[in-house]
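Per-chain residue numbering starts at 1, and chain names A, B and C are given in the order in which the chains are listed.
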Amino acid sequence: MKNLKLLLVFFLAFFLITTLCFPAWGAKTIKIGVIGPMQFVQGKGHWNGAVMAAEEINAKGGVKVGDKMMKIELVKADSNEFLNVTDATNAMERLMSRDRVDFVIGGFRSEAVLAMQDIAMEYKKIFIGCGAAHNKLCTRVAEDYDTYKYFFRGTPINSSFLVRTSFIQMATVAGIMKAKLGIPKIRVAVVAEKAMWADPLIPACKGFIPKLGHEISGIWRPSPVATDVMAELSAIQRANTHIILTFFSSSVGIPFARQAGELKIPAALVGINVEAQKDGFWQATQGQGNYVMTLNTYNRDVEPTELTKPFIDKYVKRFGETPTYTANTYSVITYNIVPVIEMTGTLDADRLVKVMETREYLDAAGKTGYMKDDQGRHLHDLKWGPGYQTSIGTQWQDGKQVGVWPYKWKASKDAPEVTYKGVVPYKIAPWIAEAYKK
Amino acid sequence: MDLIRYYIRKFFKLIKTEVFVLPSRMIVLLFFLMLLALPLITDDPYSLRILILTSIFAIFAASWDLLSGFTGQMNFGHALFFGVGAYGAALLNLHFHIPPWASIPLGALAAVLAGLIIGIPCLRLRGTYLALTTLAFPIILMGIVFAIPEVTGGELGISGIDRLVRSRVAQYYITVIVMVVLVTVMWKITDSNIGIIFHAIREDEVAVRASGINTTRYKLMAFCLSGFFAGMAGGLYAHFMRIAGPSTLEVSMSFQVVIWAVFGGVVTIWGPVGAVFILFPLLEFFRFWPEYRMLLFAIVILLILLFMPQGLLVWIRDKIESECPRCKIRNVATRKNCRICDASMH
Amino acid sequence: MFADIIITSLINGSTYALLAIGFSLIFGVARIVNIAHTAFYMVAAFCIFFVTHHWGFHPIVGMLIAVPLVTLLGMVTYGIFIAPIREHEAAVLIGTIALAMALQEVMLLIFTGNYRSVPPLVQGYFTIIGVKVFYQQLITFVAALVILGALRLLLMKTRLGLAIRSTAQDREVANLMGMNESRVALYTVGISIALAGFTGAVIVPLTIVEPFMWLHPLIMMMAVVVLGGLGSIKGSFVAAYILGFAEAAVVFLIPMGAFLKGSVALSIMILVLLIRPEGLFGIVFEEER
């Protein structure tokens, strides 16, 4: 019995101690931590992009730091942020204190990234966010530069720019419908999932859409994980809507597109629909998500820059699917972190930050430059506009996703027309054309 | 001087007669000593972080046991108190700049209020009805949180809250000591008259009412006390993570605490505490197999339930200690005669 | 507008009714709160997805394969994990939660977290009093009525049904009367899980298939069962339509607040419980007070 008691105490102690004692690995490599929801497609994109980049660079011999060559070592961390924010912060802390990484890239869910950002800043390690669009992540940099200066946004462009781009895309579609179907006044239904990132969109829509000369037929806010949107769709149709401007980042994008297609609602879907960016969208909507248009970053045929096609081809060849925007980790490593290290010859975070924030470079999604706010403070946020990153617009046409924007787009009256290579004209769904060709 | 020596001698005698005699109390003592001594061995922030979170959740689990174990009011929405405590402390800290050592108790008081609000409708409900109704409350609160994002920060939660103290080690000590204090208080409550009444309410409420005790008052008290402790845990969590979000109100948080408590053994306060200290680091440990993590966790629980349905720690305790048939005092299981009344133990 | 609300509430209500009836049955007879009920519904959904997507059969075939498979799975897991600990209520609760989590994780491992879907049994829609309704939704509604009728037949006219009803009323006396109480419980579990599987087959074309799909229906199902009164199948049926109506009303009358529909339904449940603690048609036994 005494033995049992001893065994028990030993058992308890064992558990506490196993989590403590782990050997620190040797440090002749540059360690980059990749943190994301690895069980989901976003995290897989983080990891795949990073792996591709690391392997390429290591195959060439590594990174030249000063006068020696160092290889890149990737550390995978599953943040599980969709299910548990505590897990995400634990994972980040582990990367920092146990694995002692030099850089961290990744992150997706804004609530989790805000918490993870704090941890990385505490340890003064450069954290490049590859997935969360919330403005606050970068306004923090401006407000408290000394603490947050190690954070940069890698992708996507921030929420305000995303919205502006979707307005532009909507205006383009409205123009096409007006011209081809002869509709005098276009009515737009705004459907934004009930989530914080979408809240500021509503007043923005109310202000902006009338300015373009269109009418708002109504505003709907379904739950981000709603599976049945018949109610919204019937009401939208009853309001004589021509265009449905969607703002979906979560699963509601699938049933909405599917049911709109099944019911043959005579309105064009345009806007942001993250589910529609994925290859699996066609199956998920049983093929009913045809002619759905969404803002996107990568498409197999569209080339914002000359670095895009090589990247996408390599990615598709290796992983069998189009990269999501989180796979931008590839560009972050290949065109940002590594060149800056080689330029400065050091791994010192402060010196690297100084170089990064003023540097502009070309990568697979566009040209990356970092902006300042209107008070001139550094935001470390991505610049938007022709010549920089604008993202693209893609539409599902008969089972294939094609790029339809920018197609002869003028950013302002005197600006030159912009059309990316590989973009094709937008198609209006036949049942919509039917409904209005009276 | 003599007085101090007297008290020291008394203290040692107390330990010798009360603590050293029973292996379970020895284990508890060793456990606390190890917890307190840990930062001397290692100052790895990751391990300290895990233990801080474990301590916070231990308070949370013990508070559930106070309500649902002792009083028998199965509460499937315990995350409500946790969330209210977290959001309360966060809002007070952010908007009114109240320092953490005050905002946490005040947040806990907000949770007490929540306890009252949900305790009143639950007075007339029994068993499964109560369980399922309490499940609904955190969901309703989450809906409200999403409905007024200007105040609550919507799904981003409230961020930028002060931390307790600058250094990780100091945080660790504060959290562990607070946990020890709160758990001891909870345990003392269950050991007192109030605790006996709680236990009696669980066993047979009609009999308690027939004895002239106002069960309504005691049931509400149970909700409020449980809410207070859970709210303290919530406030500590908010200040440690520096963010208070809707993840504190999730159904999975409510389920987690029930799993911990039942795994460790209900109707004890130390059962859930021990369970959290075993399961939470275990879950982190399973990080090596990220795909199988939750599956392994679920299987562990199913197996333990199969073989030790009373709870793991209760089963362990029953193996190493047994009760004397005559005087009902606990003894080490290896003894032949009771240490108090000298009766044969078999 | 009102036509919309009525039609939508009928359809939503049928969905909840199908789920709640099975749950209520298990609770009434075996006194088990089977939190894994909707998890089995999810497993059935994935089976059908697998059959239709990977083997290319019509969903009916998927249904015919999925329902017996899920029933078998349910009865086996019940026998191994739940039956031995039936006496400890708290342990049963946790056990079913852990079982549901385990099923979720297994689905996550096999199918990954991507969103999938299943083709409907009958494609297309029709219009009734100005409201568009999918044929699949009509099937759901009809199925709910058919199932209720079939269950009533089973419970009232067959010997097994008699055994189930008497075990539900008083377990010990039923045992004394010679009915093998644990065997009856096993059969009830089988019927209940078969119902869950069948529900999956019928509802799944209308929703998204993913490993976490069991959580939301679980909450609504429990609300329905509590509102209707535990142990009363008629109660669950009625409560399902009441809550379906509440949800539909919220979505149509407050379009900006569509996400609140869950909270509103739950609040209604709580309000009713304040007035009538056993739910609308609940049966409370004296010894359980």
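In this text, a residue touches a chain if its C-beta (ideal position, glycine included) is under 8 Å from a C-beta of that chain, and two chains touch if they have at least 3 such contacts.
Everything numeric here is computed off the predicted structure, so don't read it as measured data.
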If I rank A-C and B-C by number of C-beta contact pairs, which comes first? B-C
Can you name the chain that lies farthest from chain C, using the mean of each chain's Cα atoms as its centre? A
Distance between the centres, which are taken as Cα means, of chain B and chain A, whole angstrom: 40
Distance between chain A and chain C based on Cα centroids, please, to the nearest Å. 37
Which integer distance in Å separates the CA centroid of chain B from that of chain C? 33
Hunt down the residues of chain A that sit against at least two other chains at once, touch-wise. 39, 194
Could you list which residues of chain C touch at least two other chains? 108, 257, 259, 262
Would you pick out the residues of chain B that each touch at least 2 other chains? 146, 291
Under the stated contact criterion, what part of chain A meets chain C in this complex? 39-41, 194, 218-228, 230-232, 234-235, 251, 254-255, 258, 262-263, 275, 278, 280, 283-286
Quick check: in the complex, which residue numbers of chain C touch chain B? 27, 33, 80-81, 84-85, 87-88, 90-91, 93-95, 97-99, 101-102, 104-106, 108-109, 215, 219, 222-223, 225-226, 230, 257, 259-260, 262-263, 266-267, 269-270, 273-274, 277-279, 282, 284, 288-289
Contacting residues of chain A [partner chain B, same complex]: 1-2, 4-5, 8-9, 12-13, 15-16, 18-20, 38-39, 78, 83-86, 89-91, 93-94, 96-98, 110-111, 114-115, 118, 134, 136, 194-196, 199
Per the contact definition, I'd like the list of chain B residues that touch chain A in the complex. 23, 26-27, 30-31, 34, 38, 41-42, 44-47, 49-50, 53, 146, 149, 153-157, 159, 241-243, 245-247, 252, 277-278, 281-282, 284-285, 287, 290-291, 316, 319-320, 332-334
Once bound in the complex, which stretches of chain C touch chain A? 4, 8, 12, 53, 108, 112-120, 124-125, 131-132, 134, 206-208, 210, 216, 248, 251-252, 255-259, 261-262
